[in-house]
Each structure stands twice: as structure tokens, then as C-alpha cells.
Amino acid sequence: MKNINRSIFFPIKKKLSIESINELLADIILSNTINKNFEINNISSLSNIRNNSIIFIDKEIKIEEHNDKLIHIITSNIKNKIYYKSITVVDNLNTAYNTILNNMFYHEDQIGYQDDFNFINGSYISKFSDIDKSCFIGKNCVISRGVKIGSNSIVKNNVVIKNSLIGKNVVICDNTSIGTSGFGFDFKIRGSKHFNPQIGIVIIDDNVHIGSSCTVDRGKIDDTFIGKNSMIDNMVHIAHNVRIGKNACIAAQTGIAGSVIIGDNVTIGGQVGFAGHIKIGENVVIAARSGVTKNINDNSVVAGFPAVDIKVWKKNLIKQRKNGY
Amino acid sequence: MKNINRSIFFPIKKKLSIESINELLADIILSNTINKNFEINNISSLSNIRNNSIIFIDKEIKIEEHNDKLIHIITSNIKNKIYYKSITVVDNLNTAYNTILNNMFYHEDQIGYQDDFNFINGSYISKFSDIDKSCFIGKNCVISRGVKIGSNSIVKNNVVIKNSLIGKNVVICDNTSIGTSGFGFDFKIRGSKHFNPQIGIVIIDDNVHIGSSCTVDRGKIDDTFIGKNSMIDNMVHIAHNVRIGKNACIAAQTGIAGSVIIGDNVTIGGQVGFAGHIKIGENVVIAARSGVTKNINDNSVVAGFPAVDIKVWKKNLIKQRKNGY
Amino acid sequence: MKNINRSIFFPIKKKLSIESINELLADIILSNTINKNFEINNISSLSNIRNNSIIFIDKEIKIEEHNDKLIHIITSNIKNKIYYKSITVVDNLNTAYNTILNNMFYHEDQIGYQDDFNFINGSYISKFSDIDKSCFIGKNCVISRGVKIGSNSIVKNNVVIKNSLIGKNVVICDNTSIGTSGFGFDFKIRGSKHFNPQIGIVIIDDNVHIGSSCTVDRGKIDDTFIGKNSMIDNMVHIAHNVRIGKNACIAAQTGIAGSVIIGDNVTIGGQVGFAGHIKIGENVVIAARSGVTKNINDNSVVAGFPAVDIKVWKKNLIKQRKNGY
């Protein structure tokens, strides 16, 4: 969503000057090398560097792209700062992230977020959404600000869609929630007051089918993505920043933790779980009830928990049974 | 649902002549032995042969019942055709199924499906539904065309019920979805455009209790069935064509894949998973978190994944622990 | 909820005299030592003895607290009755519980339960609820009789809240159900007619964040409790009588069975399951996909099913792999 204007989804609360950022973070700034002054109105991530933005860095990692109007707020744990420019070093990166985002953006985990709805045919449709006239929308839905839905898509009943761009011929079944906040919080200081503002979106490409009672969380800063022609069964949970390629088939009650990247043409059984931040190749088949904890190469077929090659898994089962199981 | 008229749930779009079927499938018909002419207005399955219907056959299997006004559309993989009469052989059975059903029936995964609702006491109740006056219906529910609900049943809030026949004294808790489309699609050509139309129903017998946020999918051609006095906890997923006997007790977050047959008096723990198309006997007990992959005999007690006799499972655990686990 | 008046959530249907109780249970009373007469208008549990109440005892257990206006209805399996006073012995304790509660209380699994709603800004808000003016309530919500919500809390869309006391700064995401009936029923005589009335509540302390499509069941007699600052991801199921301490972090699709007690500062991965009636200590970490079947000591880190110390679990995995897995 590099070029997507966040303000179609929620208005920017306040653009911040470098000076005002320094004031907001005064209690936690340890050092500061910024001597320019420009307006900050956006947040970057490692994969999407934006103009006039801040990027928050929690471990030493090279940033490929730079930008004159980008500041780096980094944790004091990073000793080697060669990769970063215009650096503010802070004591607590989570607090810095939360403070700045809560000041800069409206978001729905904070009182004050506003939308304005028309009540059309039994559902609440934001005045700031853009739904193709050919779509069918059922009853008791909520479609919020900024949502776009392409032609001939079907949204069944009691569906909530927020912060999302939905393609053509997409079907979303009853009681599903798309684009709500992911599970982002401060491990050390818990509670809703320290919730990490989630400001990304969900992008669902053409011809995707999503079952009933699914949850697809919005990206934290960028987007959660479901590729063209993907088929998703009931009660599947797709966390923030997950990216799923084309033609995925994902059976019921599977859960995909945050930032998992899944290639094209995967087939995933029911009740599978994925650890966060792993990468699944193309054409991968994952047996039902697998627990996937590591990257999986293209064309693999895996099973078990932790998931391994399915032949190894089966061989082990046979061995266990010989030995009395 | 042999004798249930589909058109109480959704109007038939178009009755097809043999001739029009041949036209629709022209691109994929390989051979054709049909020389009669009669009107086709229904679809049969192996367990329910109907008049004036088509049955789609994807593997060599004997059909017990025949009917003068039944045509068999079979995949070209079937070499031995002795079991079938009035045969059309097609290249791609999924495409044949989808083409014919999309032309013959309205269904809710295709634009054009219509219903007409009254708004009664906070819920949308189809003008073509039949709810006993003694029932209690909460707020924000959607009860669609053709749904019948017997006396003294309770439907709590934000519940969606479609394509279903519900008995007496049934309780359905908040945010549950009954009768939406199952996970039927073409493995080879994925995407919502190739979704297999689901035209069956859900039958829930008397005195069933269903928890919150469950999903019970309609049958593909026939019905998904939940027997009398069954007790189903929260977040249970019951896929298309599943048949559950009387007095089932199914704990939370269990998932039952398509076409599983479950006998009377089963007790199923939480977070259990069932592979599709298996048969579970009567009086079976399945421990929590089991993954059931094969048929289970009457009166068995099983545990583990793949589920085995619980004594074997426990013995193996003890052995593993002796060896350091 | 010792001092909480049940009638703020649902009116008492009928106060019962000892005499009327004897009549109601006439068919199942085996013996009776009660020779006082006082009015019964409440139900007690082992942890909450109330005035003018009944306690149902299903196994020999010492009752610490007594009360002059308390009667014990006990199962005939209990031979040693030294711990109990004012005893009625019954043949079938479940039937006794159901009969008395169905006569004494209104509850939502029985026809006749009433509430009265205002329709405010797209949601149904009970006239008998008490929501702080600073709260944000989304669309298509149902907030029932007796519910209190503290300042600055956010209830997103299509959320159902019943029988609950919610603190300040609480966030509840889309399609979540709080306070509906738990899975309480008679194992031997199944079906909705024999459902055990659930009359407890849910208490959610300040700063709790609950994700989308969660279910938090009301207590059976007392309360289900979620402690301050707890963070709960999507599709988490929390059964009746569960008590979770402060600062819990619980990832998606985890299920916690009835009456589990969880200490402060726990971290629980996704897709974890808990057997009922176990006790988890403080500062416990439970790896994703664990199945917890026994009490866990403070400061433990566990994994696997059945969950064991994570070091043991990892050692075993390495051993299995050496041996070909």
C-alpha cells in the first residue's frame, strides 16, 4: 500500500514537526542527531519507505531505501548505527511508536475515531466508502470509511469490513470480520492503553472466496494481502501483515500468525497453525492439523507439529506404532 | 431431503432440456448416449436419486437406484461404464457441475439471488420463512427464505439462518451462522468464479443446543444434519453434508470436515478435528484435541492424532516419558 | 460476584419456600433433614455462599462457610454427610438443579426471558444497562439488561454483550460474544430441555483488549473473570467460570475450558487448549498449540500435548528426529 493515501480510511489527526516529536518523546529520548526540520505525516516500514515519515527500528537491520524526509527512531539496544540517518534513539520503542501514532492518526482502538454511515437496505455503509453498484450486500453489515469493493462482489450478512480494498467477484460469508485491528501490543506493559495503533489495511484481490466467521486483521503499517482466486474456508484467522499468494486453498479453523508470507498455489488443511514471521514457498501442501514453525521450501508437502516432510512424518508414525503406538 | 422441494429455499432459475444441457456443455462433452428428451429440474446424489435430474459421477461406483428420468454426467476417467445409463461423458466434471447448476438454480454465491424480508423486532425475517409464533428471536438476526423453525425455539442475537429446517426447542446462540455455503470448489481452477454451487440445506432436529460463533454449512446437494438432543459448544465448525446422530455432545472449537457421518450418543472433546468422508460409530468418545483420520467403530474411546484407542495412546505417552519425555 | 444482585441482569421469576422446593423435587427426593422454613431466592457455589440460598453438592467436599439460611441439595452418591446441614438428598442432582433454577430465574435458554431495548445509533442498548457516556459503541451491537460499561471503553460492531460488568478502557472487537450461556448440560439426559441454567455473569476488568469473534461465556452461578490489562487475540474461547489474572496475553484460537484458573502475567500462544478445572500459576508461558491437561506451577514454560516443560519437549523432539523423525 505504498501509494495508498491513509486518509481515505481515517483522517490524519495532526501532522507533526520534528520539534513536536521531540517534545512528545522528551521522556524517552536518549540521543538525537536530527538537525533538519520537515513535517512528518506518515509512518514507514522496512518494505515501504514513505515521504515525510518516521520508521521505527527495533533491531540492527540494513535499510535499503533512504529518503531525505525520513527519520529513524531506533531502540537503544542497537549499538551499530551505520545503516541509519537522522536518528532519534529512544529508551522504549513501543512507547515511542504508540505516542507518535496516537497523536498523528485516528484509529479505532482509541476514542475519537469517527465515521459517517448511510443505512442502506439493512446495512451500515460509510459515506466515504466506494462499493460498485453491481455488488450484493446482505443485512446487518458494517462497511466503513475508505473501503472499496469491486464489481460483482458478494458480502453476505453480519459482515464487518473496515480499512480494506476488495477486488471483483469476491465473496465474503456471514459473520466474518475484515480489517479490524491485529494483536499488536507491548509485551512488557500490557493492557489496552498500550495497544500498538494499527494503521494498515487489508487488500483482497479478485475472485477470492472467504467463508463464515473468519477474521482478517488489517496490516500494522502496511497491508494484509490475500491473492487472486484464493479460497478460504470458515473460521480461518489471518493476522496482521500476512501475505497470501494467488490460488491459495485454506481449510477451516486454520490460523496464520502475524507477518507470515505464503507463496502462490498453496493447499492448507484444516486446523493448521503458523508461527509468525515465517515464509512458505509456492505450491506447498500442508496437511490438516500441522503446526508450521519454520520456513517451508517451494513444492514441499509437510505434516505434523512441528511440521516436517510428510514422508518423514508418516514413517515416524509407522515406527511409533510398531513400538506399541 | 429427498422429498423437500428446493424451491421453498430458492426459486429455480431455469428448467433445462437435454438439448440445452448439451449446448451448455458443448465444449467439454466427449461422448453422449442420451437419446431421450425430458426436462431436467433437479440434481441427484448417490444417496438421493430424484426425478428429472442429473447425477454427476466422479469415480466408478455402483448406483443402486435408477430412474427413467435421470441422466448421468460422468468424468472421462471412468472407463467401465456398466453402472450408468443415459450417459454424458465430460472432460471436466467440475465445470459441468458448475455450468449446469449456475444456469439452473439461484444460489447465494452468485449475483442475482433474491429474498424479501420483513424487519420484525430488530431482525430480518424472510417473507418466505415459517417461524412458529412461540419462538424467541433476538436482535440483528437474518432468517432467510424457506427457513422453518419449530415451536419454542430460541435464536439469540446476530444469528444468520439460511436454507434450514429447524425443529422444536432448539437453541442457537449469538453470532452463529447456519446454512451458509460450504467449502466447495475446483481444486484445479481455483477462485470464486469456479465455486461449486451449494444447493442443499441444513436440518436441525428437536432439542438441539448450538453455542456461539458456530458455523453449520448447508449440504452441497442434500443436507447437513444434526440429530435430536445434540449439544454443541461454541466455535464448532460443521461442514457440508456432515450427519450427526442423536444425543451428540461436541465441545468447543471442534471442526468436522465435509461428509463425515457420526452415529448416536457420541461425546467429542474440544479442538478435535475430523478428516472428511469418514464414519464415526455410535457411543464413541473422542478425547479433546484428537485428530480423527479414519472410521471409528461403535463404542470406541479414542485420542491423539491420528486418533487411536485411548489406552494405546496413554501407554505410548508413558513410554515416551520413560524415554525422556 | 458475591454481593452482586442477580436481578439487575434478569428478574427473579419466583422466590421459593422450602415447601415449594420439596414439591418441585418430590419425584427425586430420597431423604430430607430440613425442618426450618425460610425463603430461597438465590443459589450458592462452593466459593460464594449466599443468604437464603441453595447449594448443590455433587461430591463429598468440605464446605468452609455456613449460613443459617442455606440448604444443601446433595446427590445420593455422597455417603458421608458430616460436612452438610439442612440436607435434601436427591436421586438426580442435575434434574434438581434444572428444576429449581428454571422455576426461580429467568434465563435466556428458556422462553420467557425479557429485556427492553432502545435503538441508539445502530445498536440495541437495554433500558436496564448502564454505559458510560464516554464509551464508543459501534453498529449492530446488542447490549443487554444489567450490563455496565466503564468510561472510555470501545465496543466495535456486531458485538453482543449480556450479563456482564465491563471496566474502563476496555476494547471489544467485531463479532465477539460476551456473556452468553456456557456449555452446561446433563451428560446422561442430553438435549436443550435438560440444559443447566446459567445464571452467572462475566466481569472484565479495566484496560482489557478482546479481539474479533471471541466468545466469553457467563459463569454458571458466579462469574467468568478477565483481569486488568489482559490482551486477548481473535477467536479465543473462554468458557464459564474461567478466571484469568492480570496482564494475560492470549493469542488467537486458544480455547479455555470451564472453571480453569489462570494466574497473573501469563503468556499463551495461539491454538492452545486447556482441559477444564485446572490451575495455571503466575508468570507461566505456554507455547502455541500446547494442550494443557494438568495444573502448571508458577513461572513454568510449557509446550506440547500433554503440555510439559518446554526443555523436555524440545529434547524429545531432537531425540525423535535422530531416530528418523
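Letters are used for the chains, namely A, B and C, taken in the order the chains are written, and counting of residues starts over at 1 for each.
Everything below uses one rule, namely that a contact is a pair of C-beta atoms (placed from the backbone, for glycine too) under 8 Å apart; a residue touches a chain by one contact, two chains touch by 3 or more.
Note that the structure is a prediction, hence the values are computed from the model and not measured.
Enquirer: Overlay subunit A and subunit B by their C-alpha atoms and let me know the rotation angle in degrees, rounded to the nearest 5.
Expert: Here the rotation carrying subunit A onto subunit B measures out at 120 degrees.
Enquirer: Would you mind working out whether subunit A and subunit C touch using mostly the same residue numbers, over half shared, or mostly different ones?
Expert: Subunit A vs subunit C: different; shared/all numbers falls short of half.
Enquirer: Centroid of subunit A to centroid of subunit C, CA atoms only: how many Å?
Expert: 33
Enquirer: Find every residue in subunit A that makes contact with two or more other chains and list them.
Expert: Each of 140, 158, 175, 213, 235, 253, 271 in subunit A touches at least two other chains.
Enquirer: For subunit A, which residues count as touching subunit C in their complex?
Expert: Per the touch definition, subunit A meets subunit C at residues 108-111, 113, 117, 119, 124, 140, 142, 158, 160, 175-177, 180-181, 183, 185, 187, 190-193, 195, 213, 215, 217, 235, 237, 239, 253, 255, 257, 271, 273, 275, 291, 305-306, 308, 312-313, 315-316, 319.
Enquirer: Under the definition above, what is the set of subunit C residues touching subunit A in their complex?
Expert: Going by the criterion above, the answer is residues 122, 134-136, 138-140, 152, 154, 156-158, 169-171, 173-175, 206-209, 211-213, 228-231, 233-235, 247-249, 251-253, 267, 270-271, 288-289, 317, 320, 323-325.
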